[in-house]
Every structure is written in C-alpha cells, then in structure tokens.
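Just below is one structure, and these are the notes that go with it.
Chain naming follows the written order as A, B and C, and within any one chain the residues start at number 1.
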Amino acid sequence: MTAQSITQFAVHIGLFVLGISFLLTAWRVIKGPTLPDRVIALDMLVGIVMGFIALIAIRTGFTLYIDIAISLGLVGFLATVAFARFILSRKRRGGEDGAPPEPLPEEPAAKPAHKGNAVGAAAPAGAPKEVAPKPVLSKSEATKASAAKVKIAKAKSAKAKSIKAEGAKAQGARTKAAKKSAPAEAPREAPIEALGEVTAAVPAAKPVKPKAPRKPAVPKETP
Amino acid sequence: MTIYILNVIFAFLWVAVTGSATVLNLAFGFFLSMAALWIVRGEMAEQDYWRRVRSGLSLLVLFLKELALSAYKVAVMVFSPRLDLKPGIFAFPLTVTRDFEITLLANLITLTPGTLSVDVSDDRKTLYVHAIDCSDPDGARRDIADGFERKILETFR
Amino acid sequence: MDILLALVTAVLILVGAVFALAAAVGLNRFPDLYARMHAASKAGTIGSALMLIAVGVHAADLAILARSLAGFFFFVLTAPVSAHLLAKAAHDSGYPLSSLSVQDEMRREEGQL
C-alpha cells in the first residue's frame, strides 16, 4: 500500500460517490415542483462540480485546477443571488405571463387564509397565495404591453375581416366585385400597415381606412 | 501598531499565494498591502486589541465547530429511516444592533445544525429563523441568545 | 511522511464525498422547500469544501495550500448567505411551508402589517 495507491483508491471512490450525488441532485432539478427548488439544486450542482474538479486535480497532478474551482464557486454564488432577485421580482410583476408561483402538488388543501401580503391580498379565502397578485407593471412596460395588445388585436380583427371579405368576394358575382373589392382592400391593407408599424399602432390604423376607398389601385402596389 | 502587524501579515500572505519567496516579492507585497490598508484606513479603530483578538479567535473556532456539527447532524437526519420533522419559523428578538453584527449572527445561525435565518424585520429588531425541529422554539431562542449573541457582543462591544 | 499525507488526503476525500451524498439524498427526501435549503447549505458546502482542502494537503506546497484555504473560506462564507437569500425570496413570494409545519411566526407578523 504505497501512498500513491491509497490516494488513487480514495479518488476513485470519491468520484463514484460524487457521481451518484450529481445524478440525485439533477433529479431534483428536473422534478422540483417549484422554482426555488430548482435553484437550490443548481447551487448544489455547482458545489458538486467543484468537488469533481478538486478530485481531477489530485488525480492528474495539475494543481492549476484549484483556481478553476474557486472561480466556479464565485460564479455559482452570484448566479444563486441573481436567481433570488429574479424570484423576488417575479412576485412583484406577477410573472411574465401573469403566472403565479406554482403551488406544491403535495399540499392536500390550501393553507387557511392568512391576512397575506399587500400584493397578494386579493386572493379569496380558499385559494393559497399562488393566485396571481395584481401585476404592478411599470409605466413604460404598461404602454408597451397595451400597444402590443392593440397591435395584435388590430391584426387579428383585420385578418378576420379580410377572410370574411375574401369569402364574400368568392361568393359574389363579378359585377358586384368592384363594389366589394374596395372595402375588401381596406381590411387587407390594414394588417400590412399594422404589422409594418413598430410603434403605437393606434394612430397608424386611422389613416388606413379613409385612404383606401379613394385610391383602390394604389394599395395593391405597396408591398 | 495593529495596522503594521496587519501589513506584515498581508505581505506574507502575498508571498504564500504567489508562491515565490524572494525578497523582491516580499517587498512588493508589503507595499501592496500598505496601499490596500490605506484605502480602508477609515475603518481601522484600535481599542483593547488583544482582548478582541482572543474573542475573535474563539468566535472563529466556534464557527468551524458549529459548521462540522451541523453537517454531521444533517447527514444523520438524512440517513435515518424515519423522518418525523416539525419545521417552523420562529421570531428571535435581537440584542445586537449594528449591521455587520446582525449579518454575523445570521451567518452563524445558518451554520448551526437545524436552523436557517430567513429574514430580518424592517426595524432590525427581530430575526426570523426557520428551524427543522420547531417543537421547542423558546429553547432554541435561549440557545442562540446564550451561545452566539453573547460571544458576538463580547467581541465587538 | 508521504503515507501520512496520503492518509489524511484519503480521509478528507471520503468524508467530503459522504457529506455531498448526504446533501443530495436530503434534497430528495425532505418534504419542504425550506428544509431542502438546510440540507444544501450545510452538508453540501462542507462536502465540497473538504475536497478543496484535500487538494491543498495532497500538493504539499505552501502556495497551493494557501490558495485552497482561501477557496475554502470563501465558499464556506458565501454558500449559507446564498441559501438565506433564497429562503427570504421564496418566503416573500409566498411559497408555502410544508403541511408538517408547526408554526410560522413570520407570516403571522406580516399579516398584521
């Protein structure tokens, strides 16, 4: 039993055990029902990888790997802090899609109604805290969100109108096509205009409609 | 006097970290640590230096001992076949007032077996602690007050 | 002297690996988000930090030992802080304690705000 063989034996066992804990922690990342579960498992993963690097440093004899392990620890710590800030900010904005924090599936019933935070106070008695708190959007985000919604609504309504107009055109006779093509162009033009505009779709929609009946030929040329 | 001792210690630390024990490196480390200490000279206050060093060292030893004990307790709890826990959050009224003392106390509580500090109240008077075994919150409060808070007050008051 | 260093290194590696395994098993066994933070911040930190010290001891060189000790202290000081921050963020966002919990004084006091 030389010193070298003792160390190598211990390194092999350590690598095996660390591999098992790596897989178990990864299982928690996949399974974790809530977001902080996954974050704490990722933090543990960073620690386990630091252990791996240390063992490889012993095995190959390159002690330069220690510096890599230390910087990995730094980055992992900062990542966990950033995740914690993200979780806090998610609560204040109500999440990207308004989704509340996911409830734990193993909770049998909702916790009894507590007075609750100021933000989540709107939840009725039966529901747990996870009902969406009122999203408190900042002003610029609110205008952008409303502008985006208006744009999407305009495009949808315009598309619906254009589909209806095309259907009506196919059914109608050719003599009536001239009359119907004029209103058909107006909604067909509206989605092009609305999708082409980057900022506030509301003022852009207005000039579209009055122009179209006057110049039925021109909108066809615009790409 | 203490700043010069720190200066010398840092110079030796520089030599140890860079790994080249030449006189030139030692002198460079000395000047580098002098610059670093000059930047933070506002924070240096020296009163009862040796008493503080002694209680600071005992705090460090306590730190490491609690760390080892907490890891051992968690391992025992994890590998035991029955898992009957009564977790809960209790409020601990603070006696320490300064920011870094509260931070140090929160860190020590996190390293203790079975407790995890969650939040400090807005008026800095209460520290909320999550305990894995909250069947005796008053006992836990007494433990923390007698053990850690007293040592921290000794060191930094 | 070589044998002694090798034995110390081997013991440190094995103990660190066992603690890392305990932390990983604890992550899966505990019923509650906050209990899992206990396991990860205490046992996980110790497991990885012991391996760093093992490298420092194995190299038998003062510079490398100093570096690995610096890494040890850094990791041991910051990992509990990150676990505490996560616990605070999770509690403020409303993630509930497990149904086994005895009391939640923080929620009670917050409700009175």
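Some notes on this structure:
Just so we're on the same page, a residue touches a chain if its C-beta (ideal position, glycine included) is under 8 Å from a C-beta of that chain, and two chains touch if they have at least 3 such contacts.
These numbers were taken from a predicted model, which means no experiment stands behind them.
Remark: the per-chain Cα centre closest to the mean position of all protein Cα atoms belongs to C.
Ranked by number of C-beta pairs in contact, the top chain pair is A-C. Look at where the CA atoms of chain A average out and do the same for chain C: the two points lie 30 Å apart. Separating the CA-averaged centres of chain A and chain B is a span of 39 Å. In terms of their C-alpha centroids, the spacing between chain B and chain C amounts to 15 Å. Multi-chain contact residues of chain C, defined as those touching 2 or more other chains: 18, 23, 25, 31, 37, 45, 47, 61, 64, 67, 70, 81, 83, 88, 92, 98, 107.
For chain B in complex with chain C, the touching residues are 13, 16-19, 67-68, 70-71, 74-75, 77-79, 83, 85-91, 106-107, 110-111, 113-114, 116-119, 121, 126, 128, 130, 132, 134-135, 137. Chain C contributes residues 18-19, 22-23, 25-26, 29-32, 34-35, 37-39, 41-43, 45-47, 61-64, 66-67, 70, 76-77, 80-81, 83-84, 87-88, 91-92, 97-98, 100-107, 109 to its touches with chain B in the complex.
Of all residues in chain A, those touching chain C in their complex are 3-4, 6-7, 9-11, 13-14, 17-18, 20-22, 24-25, 27-28, 34, 36-37, 39-41, 43-44, 47-48, 50-51, 54-55, 57-58, 63, 65-67, 69-70, 73-74, 77, 80-81, 83-85, 87-88, 90-91, 100-101, 103-104, 106-108, 111, 114-118, 120, 128-130. Those residues of chain C whose C-beta lies close enough to touch chain A in the complex are 2-3, 5-7, 9-11, 13-14, 16-18, 20-21, 23-25, 27-28, 31, 33, 36-37, 40, 44-45, 47-48, 51-52, 54-56, 58-59, 61, 64, 67-68, 70-71, 74-75, 78-79, 81-83, 85-86, 88-90, 92-96, 98-99, 107-108, 110-113.
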